[in-house]
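Labels A, B, C and D are assigned to the chains in the order they are written; within every chain, residues are numbered from 1.
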Amino acid sequence: MNDVLAAIFSINTLAAMIRMATPIALAAMGGTFSERSGVINIGLEGMILTGAFAGVAGSYYTGSPWVGVLFAVVFGSLVAAVFALFTIKFKANHVVAGVGLNIFALGLTTWLMQVLWGGRGVSPDVNGLSRVSIPFLNKVPVLDKLISNQSPLVYIMFVLIIGGWFLLFKTPLGLRIRMTGERPEAADTLGINVSRIKYFSVILSGALSGLGGAYLSLGYLNMFSRNMSAGRGYMALAANIFGQWNPLGGLGASFLFSFSEAVQLRLQSINLNIANELIQMIPYVITIVVLAGAVIKSRPPEALGEHYGVEK
Amino acid sequence: AESRIAIVYATGGLGDKSFNDAAHRGILRAEEELGIESDGAEPSAIAEYETYLNRFASTRRYDLIISIGFDQADALTKVAGQYPDQKFAIVDAVVDQPNVASYVYSENERGFLMGVAAALMTTRTEDPMINPEKKVGVIGGMKIPLIDSNIAGYIAGAHYADPDVDVSYSYVGTWTDPAKGKELTISMIENGADVIWGAAGRSGLGVINAAKENDIYAIGADSDQGYLAPEHMLTNGMKFVDNTVFLAIDQTINGNFLPGMNVLGVAEGGLGYTESLLPDSVVEELEEVKEKIVAGELEIPEKVEDAE
Amino acid sequence: MKILRKLWDWLKELSGLSELIYSLFAIVFALLIGAILIYLSGHDALDAYYYLFTGAFGNTYNLAQTILKSIPLIFTGLAVAIGFQAGLFNIGIEGQLYWGAFTTAVVAVSLPGLSGFILIPIALLAGALAGGIWGAFPGYLKAKTGAHEVITTIMLNYVGILATTFLLKNFFKAPGPVDQTRTIPTQARIPELIPNTRLTWAFVIGIGVILLIRYLFSNTSLGYDLQAVGANTSAAEYAGISVPRITVLTMTISGAVAALAGGTIVLGVLNRFITNFSPGYGFTGIAVAVLGRNRPEGVLAAALLFGALDAGKVSMQLFTDIPGDLITVVQGLVILLVAAPSFIRLFSSLFGRGRELIASE
Amino acid sequence: MNAVEMKGITKIFGNTVANDGVDLSVEEGEIHCILGENGAGKTTLMNVLFGLYDRDGGEIYLHGEEVDVRKPSQAIDLGIGMIHQNFMLVDRLSVTENIVAGAEPKKGLTLDRKTAEEKVRRLSEQYGLKVDPRARIENISVGDQQRVEILKALHREAEILILDEPTAVLTPQEVEDLFRVMRELKDSGKTLIFITHKLKETMEITDRITILRDGKKIGTAETEETNPQDLAQMMVGRDVVLSVEKSPREESAVGFKVKGLNVPNPENNINLKDVDFEVQKGEILGVAGVEGNGQLELEEGLMGLRPIESGEVLLGDRDLSNLPTRKRKRLGVAHIPSDRLRRGLIADFSLKRNMILGSEWSKPYSNRGFLDRNNIVTYTEEVVEDFDIRGGGADVSVKSLSGGNQQKVIIGRELTRDPDLIIAAQPTRGVDVGAIEYIHRQLLDMRDEGIPILLISAELDELRTLSDRIIVLYEGEIVASVDAEEVDERELGLLMAGENAEVR
């Protein structure tokens, strides 16, 4: 019993939560921006994967993991730009285009892995980002373990989430994004360039997801592995909805999920007499229970998934 | 004429740096040494095994068709029945057909060796990578019997070497998520484990990565994964799939095709370990254990329940 | 000239031909991009496509493989489409499919005395029931607590897969090293439609379900209610339709159809339930559904297209050393392009005909 | 000098010629009315001017200079502001956010909320447009929303203001208010283009009138030199009866009775409190009130679309109050909902499918759950014929019908249900004269057949011509019950404002 409690209430578990939540929270915020502007984003998974791959490729060819991160952001944005082009300009159904993007990204990264490195499983090891310990925090007993000595992308994630929240709710651009997702025609009649807002938001979602991918491949491991996003894009989508299309909410939802995942992983090695499959279910069941119990009324942006500007 | 060989890999596909890749090496070696030609297929779903086997068999061009992986057994049973004149081989499973040579391993023996090595290491506190706690770990990809056999052997081996050693084991739940494998490893390291075996396909790469980062020992699986972490890869639980594949090809083209079950254990050279970073004293003890295994003196459990 | 155009318009209207033409354009275009990639990677694109095409349609056997591979996608695509028609995004197909496969297998191995005529339907229906219940659950949560189905169904995928694995291991595992049920009795296997191709009557079941759902949508009061809820929830309430009830019902039907994908694989292909058998049929189902415009007949076409690419990929992989991943890339492109008819219109306008195509939107 | 000069504007949608070579000249500083039936092309013409639609032909001049407006942002820059027929407001944003978006005051990187609110407050004082800058759009009345729309244009310093049917959703007092504001705007030198099809309003406020019919310009008249009868004739192309005659009626049995009805609406902070009334067979009971005083709660509470707290709803002697909506319909309640697009129709469905909305499980359209195509089509064709629904047959999607015809679809469907009670909420909102006449006639016919009718309307004229008695809702309570013959518009207006409760 003590072991179980220790698995749940420990700094290590919380630190693991932060580590595991980082890519999901980043992509979830990407989803938030995209969907706040009215574009459903199932393509987060593919964007994470692309970012993870580009990050490793960048680091591989330049030796610098930070160049890798830049690559991840740029290529994440690039696939997002393609996605934006299809959903905004060519009026593709958002869900299909997202699914298409995911399949495309999976195929492309695997193929490129073969072209570049001759195998379709994993890339060679590359230089990853080393963890940084923060001068002050590393002296404080609890915080040192909790948030100091993490990958730099973890800190960047925190800064970005707060920045994203600020952008969305405190700035003119944020207002325009929200308005576009709620009622593009209202935005249009106010002289706001609806498609430009949408392009911006979707591309931003790609940049953020790409960064999430870079965290996986460079900030966390230091290699790329086929399909290494492993469903995190879908988790991010769920976190975004759970978090009420708010970056902070998305972070909270990512925390909830990653926390229960961290607990799950720890409970496994305690050798409780509980079937392994049942322990592995914990994060998913908890998410459902909290969601059903929280009585959160999910109210998506009014014009989510719609196209704007058909007839002129 | 030249011999042609076809091979159907397990669903993980090439590039796993372990199981499938080892099989692939066997093929390459056969191409080089035996001058054969080969075709390979990488199915993405269990339902596709039969398609590929059937396609290969229906061409009637191949001297031998090799199935890699336990989950091909049923597909192969069917296809082998349909093509009684075609020779097949399967690695990691038994198919009861007169035209199939089955090669299986006594996985628990390998686990046992790794367990012994891990237990011996975790008490060597003079090694900077070893902590005072007597804890070791093993991480499986999924909870399947084959993996459990390894884990059972591992636990038994560790306790054989030192009954006080604490062994924790857990499963990633997928073969393809290194990030989760890493997180699982970290949780074990936080718990005091300093030697951890990753038998988890590509998820196992996360085990190695975590070991490197936290300066503890990792143990590799199937192939020699030492190059992934030269300073942290204690040893590798070798499964010489490459040798097995080569053997099967060699036997077939030299007229020694061996239908039925071929069990490959430590004694047959199908399983083993690499010396890698193992200290000499440990290697010595491992060699002794190995002899005992070969001599059949050890009773090694196959189920985790029996090992605990 | 004018008459020709009239005739053309009329034909298009008659058969929804224009959409078909757009889709064909999209496929060709995606293949073209794929060809460029193949060329760039130093391979012969013509060679690749020769095998891709013959592998999908070259002979009866290959054609049968195309159809065979489309069967699970017919069910999963249809399941997603049913949800969409009622405004529900069921991403939980994968979990529902596992329940279907598991239950079907368990029933089939538990009742070995029955004849195939009875056993096959019973086993499939039991699977559908299990999948239906698994689908109804998120529907119920949505109706009762407002829990968003996208989240709950994603989570329930994992739970469903783990739960069936748990039950399998603890209660139904066949002896031996593999986590699987015993093999189903011979008479429970769905008979082959074309001998020695592995293509079974499951395809006919698929067509049957397609027709059934089509009929449901266009000719029944329930289908009407379902679509009304999807199209305008407020108006559905106004009409006295019980939205919670339709939500649960839709998810049930969707889950049941998804489960048939698992059931038919068990009875038609694998002949047992085995862990991890699905390479993501549920997720591909999303693509198939929306590619097929959420219409039953569209789902059939899209599933066949995917089946063809998959079957063709087998040949291409066997006879060339071009990696199958390139076909995955092409699949992604096809979905993207088919999803975006106006892209194709823009593109075809380069060839002159376009103005007219654009105008006809 | 003409503020706006449009020459030969042509706009084609698919097979519809929405504007066919339309000319329009609007003088600087005048209030110019564009008058026309539903679908005449009024909105289209203005959308072209505002850059929302690309025109297929014609030229536009502002203050004598040719301009090429292709985007709203260009129009805004040129000093054009447009208040759209369907409000272009975002429910979930605040009044201020809706007004300043696209031209936000900034402080550093942030949106300067304080300055923005201050500015909104100043503008609203300057023009007498009272709104709470911090309120959310979804929590304010339609009249307030209208004011927000006008403030949006003023915030962008529009010199030419287009108001597309701004009065359709306003109460008389609100209309008066609006007209006052419009006059003030005119006095401050702005040019106004005012779209309506209400003749009375046209006569009251405008300087000149341009009439459109079927996408063509019929003519322009000086308001002072014309009269409603002529205008109606030009709009419709034939003579119209502007007000229907109602036959006298005798006392009869009570057909519908509501006792102690309480319907809470926590979202909008409106509570319908202790409402009692009776409607006799063959009587039309009008419900008057300023929007947001409980009408929606009454309508939805009676239909089971909103949970009630307590009370009885008696149709004959059957209490409906605990029955699901479907059951109430089955028992013979016909319902014309106030929000036709949101509630009454499924825009993506075909006409024939909309005709069976609510009776899709009932004979003869459905036989044990299987739809009977033939019966449905026959029925649809009958209604199309009887109610003169124009715009296509049974298979067109109702989305493509004009507003008036959409309303006829609902009315046709509900009145042919063989009802025992009709609840008609805003039955003629946004519908043109020709159609209003028709709908009024239909309702009176039903009354004469002895059916009790509850008529909830914001149009005082409508209430007074159709109703036998009128009850007035104010803040969720019935504050008066008056004989329709004996009350004049001024009195009603005061009652609705809650000011003069002793008039009863």
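What we mean here is this: a contact is a pair of C-beta atoms (placed from the backbone, for glycine too) under 8 Å apart; a residue touches a chain by one contact, two chains touch by 3 or more.
Computed from a prediction, not measured in an experiment: that's the story for all the values here.
Asks: Trace the shortest chain of touching neighbours from subunit A to subunit C and give its length in steps.
Replies: The fewest touching-chain steps linking subunit A to subunit C number 1.
Asks: Please compute the C-alpha centroid of subunit B, do the same for subunit C, then give the distance between them in whole Å.
Replies: Averaging C-alpha atoms per chain gives centres 36 Å apart.
Asks: Give, as an integer number of Å, the spacing between the C-alpha centres of subunit D and subunit C.
Replies: Spacing between the chain centres: roughly 45 Å.
Asks: If you average the CA atoms of subunit B and of subunit D, how many Å lie between those two points?
Replies: Computed from C-alpha means, the inter-chain centre distance equals 75 Å.
Asks: For subunit D, jot down the residues that touch at least 2 other chains.
Replies: none
Asks: Going by the contact rule already set, what residues in subunit A reach two or more other chains?
Replies: 120, 277, 280
Asks: Which subunit C residues sit where two or more other chains touch them?
Replies: As it turns out, subunit C has residues touching two or more other chains at 162, 169.
Asks: Return all touching chain pairs.
Replies: Taking the chains two at a time, the touching pairs are A-B, A-C, A-D, B-C, C-D.
Asks: What does subunit A use to touch subunit D in their complex?
Replies: 166, 170-172, 174-176, 178-179, 182-183, 185-193, 299, 302, 311-312
Asks: Please output the residues of subunit B touching subunit C within their complex, sorted ascending.
Replies: Spelled out, the residues of subunit B in touch with subunit C are 11, 39, 41-42, 44-48, 50-52, 54-56, 58, 70-71, 73-74, 82, 93, 142-146, 149, 173.
Asks: For the complex, give me every residue of subunit D touching subunit A.
Replies: 13, 50, 52-54, 71-73, 76-77, 82, 84, 88-93, 97-98, 100-104, 106, 109-111, 152, 156
Asks: What does subunit C use to touch subunit D in their complex?
Replies: Result: residues 218-222, 224-225, 227-228, 231-232, 234-242 of subunit C touch subunit D.
Asks: Contact residues on subunit A for subunit B in the complex?
Replies: The contact residues of subunit A facing subunit B are 12, 16, 19-20, 113, 119-122, 125, 216, 220-223, 225-228, 230, 261-262, 265-266, 268-271, 276-277, 280.
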